[in-house]
Amino acid sequence: MTREEPAGADGTSPAPARHRPSWWRMLGRDRAASAAAVVLAVTTLVALFGRLVIGDRAQRQDLDASLRPPSLGEGVYGLLGTDVLGRSVLARLVDAAATTLSVAVPAVLCSLLIGSALGLWAGYHGGRRESVAMRVADVILSFPSLLVAVVVLYVFSPSALNLVLILAVARIPVYLRTARAEAAELRSRLFVDAARTFGTPGREIIRRHILPIALPTLLTVATLDFCFVMLTESSLSFLGIGIQPPDVSWGLMVAQGRQYLQTAWWITVLPGLAIVLTTVSATVLAAWARIATDPAQRWRLTLPVKRRGASAAVPPEMIP
Amino acid sequence: MVHFLRKRIISSAVPLFCVVLGVFFLARMTGNPVDLYLPLSATAEQRAEFSAAQGFDLSIPAQLWNYLADAARLDFGTSLRTGQPATEMVLDAFPVTLQLAGVTMLLAITGALLVGSLAAYRPNSLADRFASLLSMTAASIPDFWFAVMGVLVFGVSLGWLPTSGTLGGPEIWVLPIATLLIRPFGVLVQVVRGSMVSALSAPYVKIARSKGATPLRVIFGHALRNAVTPVLTVAGDLTVGLVNGAVIVETIFGWPGIGKLMIDSILQRDFAVLQAAVLLTAVTIFALNILVDVCHALTDPRVRQAVPA
Amino acid sequence: MTTTAVPAAPSADTPALDVEGLCVDLSTPSGRLRAVDGVSFSVRRGRTLALLGESGCGKSMTALSVVGLLDPAAEVTGGAVRVRGSDTLRMSPAERRKLAGPVLSIVFQDALTALNPVQPVGRQIGEPFRIHRGLSRREAREKAIELMTRVGIPEPRERARSYPHQFSGGMRQRLLIAMAVALDPDVLIADEPTTALDVTVQAQIMRLLRDLQDEREMAVVLITHDLAVVAQRADDVVVMYAGTVVEEGPVREVFSRPRHPYTRGLLDSVPEHAVRGRPLPAVPGSPPELSAVPSGCVFQDRCPLVRERCVRERPPLRASGDGRSAACHFSEELARA
Amino acid sequence: MKSPVSSPPPGRRRPRTTTTLLLAGTVLVSSGCAVANSAGGDAGRADGRTLRVVLTQEPPTLEPCEASLTGTGVVVRSNITEPLVERDPVSGELHPLLATGWKQTGPRTWTFDTRSGVTFQNGEPFTAEDAAFSIDRAVNSDLACNVEGYVFGDDDLEVEAVGDDRLTVTTAEPDPILPLRLSFVEIVPRTTDTEAKVRVPIGTGPYAVRSWQAGTAISLSRHDGYWGEAPDFPRARYVWRSDASVRAAMIDKDEAEIAVALDSMEAEKDTTAAYPNNETTALRLDGREAPLDDLRVRRAIDLAVDRPGIIDALLGGLAEPAGQLVPPGVVGHSEEIEPVRQDVAKARALVREARADGVPTGRTITLVARNGMFSGVSETAEALQYQMERIGLRVRVRMADTATQLQYQLRPLPKGVGPIALLIMHGNQAGDAAFTASQYLLSDGPQSTFGSGDLDRRVADAGLLSGGKRQQAFADLLAHQNETVVQYTHIAHMSGLLGLSPSIRYEPNSATGDELRLAEVRQAGAVKR
């Protein structure tokens, strides 16, 4: 007998046997995750195509229109006000989305790829390789990353590429350690032993048996890092390096606008909100994806939001 | 455990040496500081004289050798900027940052354990969603922005707190610590929540509940110790990351800590101080890593057993 | 099957545990599914009831809902679980906690994960005394050592300080049992307590359970898919299939004359029943997905006797007066066969 | 790593981790408070007796011979130590201070009469001997004092005390502005170390250093034996915050009486006072590199800049458009030179013309500016970049730190970096265009990229003149550079912005940024004497 959702007294309709629910459907059931997905999708679209729409609006200055507050009367580009140089904050937000993502995404991807590869390799093989990799991680970690960034960016000019490299190198140890820990634990598991007995080469074992298990954790770390990278880039802008004009990133906007906090809140609050929204969305979506990819946890996504005492039949205690 | 500690300390020596080398070359890459310390109109002879006096005219290997030889005698040179011994300046600044970081991490870990555990107790509940949103937002606010806002709102508009400085009662700590705290707290809440959710769904938690344990006992008596391992690791990394935050916080609030000292020495090309400061920070970070490992061993008997006693 | 004579345990008049019409719904991505549908059974002190079925038939979920340890995805939607005269499903969490341990207790199959890896076992075994009797740490430890002695842990005083990973599988299961019987519960639910163990160790554990049951007059609900264990250990059996009870009654009678084709199929699949020289009959197919339980008889897809009526109409669980019931339109027919 | 299951470890008592952590935390917190409290002997409260000043950075040292460094001078000069002669920042005239009078007694010799009845903060009386010692120490010693290179050339001075209250100074070449130069030499007692720089000096000024808590604060107290009028505040205290908004907040919160270098957008507040600070910003164009080697391109850039726009929007309206490197009040400032008005059409035409002649106007020019040079510097750089791009040039901005910017600013100039437009801020505290010209206008000047022989000659000649002729000669050569060389696109004569608590009265002047005279600060309640 079958019960489709609001179960009828005697459900008689045969349910479509859906073994694995579709991603869309699971996403749709989690309101927070779907909102996050929408935010990220919009951000990505804006980052990819926004510049085509706004043209040079983000750069167009008008010193006479300096610090105009957000208003409806100034056309689309006046919607969110202007900055001190009279540039449209909206246009700059759009322009900055592309720069911000073009720094954050490659930086995170680089450190994720390099760090995870090294970590899995080190963790799987153990021994000398493991300790060398760990010591390298120690060395990188013990340099205060912000200061290294300051040195390097001042010496080798603060280009976006250098920024990406610095941020990537600084975060490699995080992935390296996480991946190593996972791999070291998995290498003694039965299925890995089995694969080894069959003569599967190490690289294949890592790829086929270890990576899939370690990946969700690594991806979660990566999302948190996404946030870290954006914030570090912003801190660098605060210290005067980081993204260089005429390029603009959200972090740079926040840093530059901070002087005008009392007079023109919109310059700094709006890009700050953009950072917060994007990172929160990324985190929410990562948490969701982590559960959705884990067959043992997937059921959680199907839970309705339980409010205190909403269901009398199950004592709240029964909910872990 | 003693053996383990000894092994860890010995294995830290090579990386530390790499750090020393790294910071030496990094500093040298920033160029000769002569321009900064001589008047704009200084003559070529004056420049040469200055360089010679500071040893910058030597080849890089010779400079390195001198530096290492001095460092071996624990002499880290004299600050170009103030003329004081670098060691003295670094040791003056270090406790300030250590206290900031210590108090911050203590609060962050305690707070995150509480909030994260409560959120994890009922996943997807209203409280959980609120805690998650709060922590994620906290983790993504730029610290300098938070600091400046804090000064304006709590310092000036409401007048509750002093704007900045190190002189005064406990209230002087509030804004700097709050600024440093937001990110580690936000991240840790999520880590605690995640690992508590899985700890709470473990069979031993069911068994504990089948023994009639109260929710508090279940969380703090059973699940927490099991959930704490990833938390410790992340907390260690976040503590290391606090050096970055300290740069910002100390710059804004005028705290004479190591972060500000380091950034000033970079901007002033004060190599001796920079090298001493980074070395001390690195030593501290290594010590911290060892401490994290010791905590792992203390909280998890399986790890403890793997470590030869 | 050789039905070993199990001596009838002394029993009080009222059942120690009485489950009636228990329904459990499961939230899944494809909607809500009924995982346990109107399960009823009762067991008296000193008696052993076996819940028998293939994995996924809802027997574990039934057990978990009795002790109130269901996952949040699952929700009890109906029925009653009565112990000492009151329905635990209507109780407040605090009232339930009072029962957990002294009245209801459970043993899981995987003792490694069921023991807290970071606590010394002595503390875990002593915990019920700390919770319910308010004993001091030291007193609880003494009780724990007593229990460890009772379940056969050598050098209990020393081993009380050890951690679960330092014990072998059988020892861990003993520890788990010690913890479960600490407060002399009325009802002990043993959820596949021996599945993960070697055959020799299995026997030891089962003997330990029986000894403890005799000693403490517990009612035991034994959840298992192992017919031999049921035959040797249980007084009564409840056979479950796809979330429903298909047959129940005293073990000896049910096993000798099953009245449900599923029970029969199960019994036939055991080698002792097979006629030498003929292929071993097994129940063909596999249990239906919860989302695809047919609307008529739940067993229709695999039943050798399936007829048109089975597709149309679900057979109710009918008592036949001799303490047995079966949910088959043709149970009499089968009994005669 | 694996251990056999069979051997349980002996039962060790494990320290309760949580307790340990909590304990450690408590110790940390309490020790932190202890440090904070012990440091806060006087917690800097508004007690009406302490004048609290918030600077941008901690002075690297208080060594008087480094007083030409802004960070040091703002604390030391005229507060702790005094020079023989001081320059009136408004009129530019020299006033006697520790010298009562001076005259040129030979082509290369000047004679100074020193003041009597002056005592140092250590109780020693001040004599001509001390003055001679101080000049000798600052200019002729091996200390490599900043003032030596900044104000004096390579040649040593001959200094001699003639009795207790007279001293003669002889220069290698005739120097008509020697008294002005000597206004930069702070006088210290003859007991001061000659081998090494001192961190905490003794002087004759109205305040003496009471304590210096490294990293936190410098406290001064009134010098009771001060020869002049006693200042209002018995004590003064310097703290430093690098963030301008925090400095402003400290005034609002009454945590400080004076805050230096506020952001220009604070200018509308009642608690701020703007003052021309003798700094002039300009874009120095590297005339050796194409396309900047073309006069038309340099002219076009000059025409492209919207000075009033930048000043109003980015500099809080506090600055004045500039047409020369020398601000009003400085000898050599020309009243005739008008700031160039923006003329985009003309600028474009010039660039087009240059391009038609084969000048590579498409080559990317790097606009280098220094972080923290003035409030709104990065926005100004962006505005300049935009305005230069509007006339058809290609420009990228590079924000540098001080050391990096200095590499661009000073000879030897960096090679292989392409055309550079360097945003400079020239401080003319010395009050004479000679300092400007020798640095910025000579074709091989330390801060100049190119020039012309004609201009070099004019500079050399003007340096030897004095009085009205000197003024006219420098004014003419500034105009000449604007017509023939155009190395500089002048932007603005800047203003500083000071935060002032309502409880005090203080009139900032053009020297305030370099020497903040605490003795001139009055309590608002006190009647001005």
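Residue numbering begins at 1 within each chain, and the chains themselves are lettered A, B, C and D in the order written.
By definition in this document, a contact is a pair of C-beta atoms (placed from the backbone, for glycine too) under 8 Å apart; a residue touches a chain by one contact, two chains touch by 3 or more.
Small disclaimer: the values here were computed from a predicted structure and weren't measured.
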{"item": "Per-chain CA centroid nearest to the all-protein CA mean", "value": "B"}
{"item": "B-D compared against A-D, more contacting pairs", "value": "B-D"}
{"item": "Chain centre separation in whole Å, for subunit D relative to subunit B (CA means)", "value": "35"}
{"item": "Separation of subunit A from subunit D, taking each centre as the mean of its C-alpha atoms, in whole Å", "value": "45"}
{"item": "Separation of mean Cα positions, subunit C and subunit A [Å, integer]", "value": "46"}
{"item": "Inter-centroid spacing, subunit C versus subunit B (mean Cα positions, whole Å)", "value": "53"}
{"item": "Per-residue overlap in subunit B, given as positions that touch at least 2 other chains", "value": "30-31, 123, 148, 152, 201, 209, 266-267, 299, 305"}
{"item": "Contacts with 2+ other chains: residues of subunit C", "value": "68-69, 71-72, 97, 165-166"}
{"item": "Residues within subunit A bordering two or more other chains", "value": "154-155, 239, 258, 261, 300, 303, 306, 316-317, 319-320"}
{"item": "Contact footprint of subunit B on subunit C as seen in their complex", "value": "64, 67-69, 71-72, 97-102, 104-106, 108, 110, 113-120, 127-128, 131-132, 163, 165-166, 176, 179-180, 182"}
{"item": "Subunit D-touching residues of subunit B, taken from the complex the two chains share", "value": "30-31, 33, 35-36, 38-43, 45-46, 49-50, 53, 81-84, 89, 92-93, 95-96, 99-100, 102-103, 106, 109, 148, 151-152, 155-156, 159, 162-170, 172-173, 251-256, 264, 266-269, 295, 298-299, 304-306, 309"}
{"item": "Touching residues (chain side subunit B, partner subunit A) in the complex", "value": "11-12, 14-16, 18-19, 22-23, 26-27, 29-31, 121-126, 129, 132-133, 136-137, 139-145, 148-149, 152, 183, 187, 190, 194, 197, 200-201, 205, 209, 215, 233, 237, 240-241, 243-244, 247-248, 259, 262-263, 266-267, 278, 281-282, 285-286, 289"}
{"item": "Residues of subunit D that touch subunit A when the two form their complex", "value": "244-245, 263, 265, 306, 309-310, 312-314, 371-372, 375-376, 378-379, 381-383, 385-386, 396-401, 403-404"}
{"item": "List of subunit A residues in touch with subunit D within their complex", "value": "59, 61, 63-64, 66-67, 84-86, 154-155, 157-158, 239-241, 244-246, 256, 258-261, 263"}
